[in-house]
Amino acid sequence: MPQSVNPMVEATSIQFKSNVKKALVDEQLQKALGNIKIGFVLNRKIASERLEEFEALRDRARDIKTHTIAHLDAYLEIYQQNVEASGGHVHWAQDDTEAREIILSICQSADAKTVTKGKSMIGEEIAINEHLEENGVEPIETDLGEYIIQLRGEAPSHIIAPACHVSKDQVADAFRETHTDLPEGRSLEEPDELLAEARAMLRDKFINADVGITGANFLIAETGTSVIVTNEGNGDLTQTLPKVHIALASIEKVVPTLEDTTTLLRVLARSATGQEMSSYTTFSTGPRRAADLDGPAEYHVVILDNGRTDLLAGNFSEMLRCIRCGACLNHCPVYNSIGGHAYGWVYPGPMGAVLTPGLMGLDEAADLPQASTLCGKCEEVCPVRIPLPSLLRRWRDQVYARDLGDWQTKWALKWWAVFAKRPALYHFFAGPKMRMLASWAKKQGHLKSIPSLKGWTNSRNFPAPQGKTFQQMWKEQKK
Amino acid sequence: MPNSSLNSGPKVGLFVTCLVDLMRPSIGFAAIKLLEHAGCHISVPESQTCCGQPAYNSGDTKNAKDIARLVVDAFEEFDYVVAPSGSCAGMIKEHYPKLFADDLDMTPRVYNLAQKTHELTSFLIDVMNMQDLDAKLDQKITYHDSCAGLRELGVKTQPRQLLAQVEGAELEEYEGAETCCGFGGTFCVKYSDISDHMVQKSVEALADTDAELVLGGDLGCLMNIQGKLSRLKDEGKATNLKATLKVRHIAEVLAGMADNASIGEPDG
Amino acid sequence: MSARESILNKIGSALDNAGDKTARAATAAARIQTPPKNLIPARARVAPEDQVQMFRDWAEEVSATTDRVETLDDLPAALAGYLSSQNLPSEVKSSDDPILGHVDWAQLPTLTRKTGIAEETDTVGLAVAFAGIAETGTLVLHAAPENPTTLNFLPETHVVVLPRSRVTGDYEATWNRLRNELGTAPSNLPRVVNWITGPSRTGDIEQKIQLGIHGPRRLHIIIVDEA
């Protein structure tokens, strides 16, 4: 029995800087982050290069999402009609509280004791597990990564590889601690032994669950279909075996047609893991039909807003194109330095740095859009071409306007601007200042410490200026 | 070529960039030498300071616009504007139009300026088709692509085409060439521990090459990389790095002006 | 106001400056009615026989195994051969697909074949594919009374019979075929359509790929030329 560890994970985005400090010295995390580069990054490159039309498909994928978002209310209504036509139910939730209540009440009417769960970022966002547990329903994560972090009482550190920060020894420890019927001498050293243990443990859970909750990668308006994409097959067992299936989705998951979904699927796995296609892509439409031998008797979809309509209204609609592939995380040098937990909530990396301030408030997450070099790698790999650096800048405009940044930087930039806007003044002061720095450096060619640039000189030398400024020398030369 | 008399080359305004102006004027002079060699007439407007990127990236739109207006005023008269930096050229080319998107008066002016603004190496290749570089360098080199140059402006092959013309220069690519070094303008001070971690990785990747000289097109990145290399050497942690690994802006090498002290190194 | 109305209103007011809701609804309905043509990768636009080979190559790249027989008469032996090669019992839980009804199972008395849903104790699931997509080596199966979905996920070994005529180049061809055979109304879509590309896998432990975490550990595809 996995013990019910209460994985109540408080959002810690507000203490981003101290999270970062911890992450940078966490040796296990640093080692784990190295795996992402050799795994996901290399595989995406191979997969994208061997499909001739990949770049053109990214354009198509972007256009499909842009079109859908521009007609979002219309497609959601068509979607709902078609779900209901196939015997399913659609529930609308404005925020996390409403979503939790809807899900709990479905579970309660099914008299549910245990609920199996496929991977769902919406589930993380609304903290559904905690709510079910508090109300006497046992939620069991079935995606291996999610299961591991549930046992460890943690939040995911990556949107498609939630336990990518955990080592195999830590997985073994988590199993030993929680699988109480594990024989004493049972070896859990090798990944395949861990796999066998997890498979055996979760089999029973699948069979005995009363309700299965999955996420949804797409909702198809044309047919009222929800789509899940997995590699493990856990989502399929989760939604096929129990008598009730609940799919959790947010408003921007809807797409017009099966064909549109197909285009998006052609870029999803390639961007995410570098697979040509994930192992299991499942299109579900309504509950079990009259003559079917298996499948859920009830089919529910919960559609969540939780701040997304504000993003739509507030100049962040491009973010709603996101299909949660994780490519921006995998390729982000900041994410690769600090991992997912430092971001302090369920969505890390560049997409999280744009989404989190929108969903939980900029006051709670002002560091996230600022902690980026705007290097543009995320936009380069995004399958739906979200201009992530531009969106980060849009948040920065608000950070500045609402005075949520640190005062030292703001003060320094203000003074810089005073000079930058007055060329004569600028050149008058720049010359002597640079000569002073150059003379401090003496013959070394660099400075080991500059009080006003401690952030730099704590870990790096500061190359000294050559002496005169270019403008001075140019003037002298022209004489 | 626009607006030039038949027997003379284009009029080019050199956008020196604040870092080159303040820290390393030799890059500016190298750029001028290269541009003149390519047949351009160079002007260096005195009213330039900075492109406004620090303000722009920090959300200070008002100051960013004020500074950008100065740049537009100073440079719109030229046939071309060239900057020895992908980052500053990118600011003018990619971001000025966004900055003034709802300013009807400025829009045509910033689009006009954006169109004729170029990063130095891409200007030399794409516009001037420079094929007769006269420079020598007997060193193994590697190249760091700065993010803005690479991803905003598509500067990738141009510096390499130019380096191929440098007699004796042997280019060995390094694995971190396209990965951000962690400079990021104010980022390197505001989030200095992440920045340091990133540059540490860049430096580790450099240690895997036989290069004796790292070149790049953006002084900010180069100062960051050199500053880390130099500190590691001070701390005795640079054992796997070539003790002689030096850092320079590509313009100095291309102009045959790489005899002075390299970035962060003492004279002589 | 219900949550539904409130959300739709908020979306509406965010979008309204680009046109009214009636116009949006009309555009959406029209796009579903006459959808634009997909960009279909050229990769699978090859002769039918090459599509079969391409299908096998991609499927094998993701650790499926494939076999090919001439007629349905060859199926029992091919199945038995596979099971014994994997040291699996000669016992399958099978779909009741009409195609399998044409097989002379009596020629192989040692094989036990039961139909119905898969249960925990079943080790091998036998199913018939609706299509095989050359583009990525993907099988398409769909739920129906004779094709329970559990067969595809619960047993450790999944054996799928794929008639050669059902191998197509791309996914779009399959959607078209589904609509042609089952009807175009949304409610004609099967309850579940499964795209299956290789056996169950995970990289969740240190990014090392391992097969058979929850779904089948083995996926064996038998292509039948004349079925």
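Each chain carries a letter (A, B and C) given by its place in the written order, and its residues are counted from 1.
Going forward, a contact is a pair of C-beta atoms (placed from the backbone, for glycine too) under 8 Å apart; a residue touches a chain by one contact, two chains touch by 3 or more.
Because the structure is a prediction, the values reported are computed rather than measured.
Chains A-C form the pair with the most C-beta pairs in contact.
Seen from the Cα centre of subunit C, the chain whose own Cα centre is farthest off is B.
Separating the centre of subunit B from that of subunit C, both taken as means of CA atoms, is a distance of 53 Å. The distance from the centre of subunit A to the centre of subunit C, with each centre set as the mean of the Cα atoms, comes to 29 Å.
Our note on geometry: subunit A versus subunit B, Cα centroid distance of 33 Å, whole angstroms. By the touch rule above, subunit B contacts subunit A in their complex via residues 16, 18, 20-26, 28-29, 44, 46-50, 52, 54-61, 63, 66-67, 70, 98, 147-148, 150-152, 179-180, 182-199, 201, 223-224, 226-228, 230-231, 234, 260-261, 263-267.
For subunit C in complex with subunit A, the touching residues are 2-4, 6-8, 10-15, 18, 21, 24-25, 27-29, 31-32, 35, 38-39, 41-43, 58, 61-62, 116-117, 120, 136-138, 143-145, 148-150, 152-154, 171-172, 175, 186-187, 189-208, 210, 212-216.
Residues 32, 35-36, 38-40, 51-53, 56-57, 60, 67, 70-78, 82, 85-86, 92-94, 98, 142-145, 148, 161-164, 166-168, 171, 191-192, 194-195, 198-199, 202-203, 206-207, 221-225, 231-234, 236-237, 240-241, 251, 256-260, 262-263, 265-266, 273, 275-289, 291-295, 303, 305, 309-310, 312-313, 317 of subunit A are the ones touching subunit C in the complex.
The touching residues of subunit A, counted against subunit B in their complex, run 17, 20-21, 24, 333-334, 337-338, 370-377, 379-380, 390, 393, 395-401, 405-406, 409-410, 413-414, 416-417, 419-421, 423, 426-427, 430, 434, 443-446, 448, 453-456, 458-466, 468-471, 473-475.
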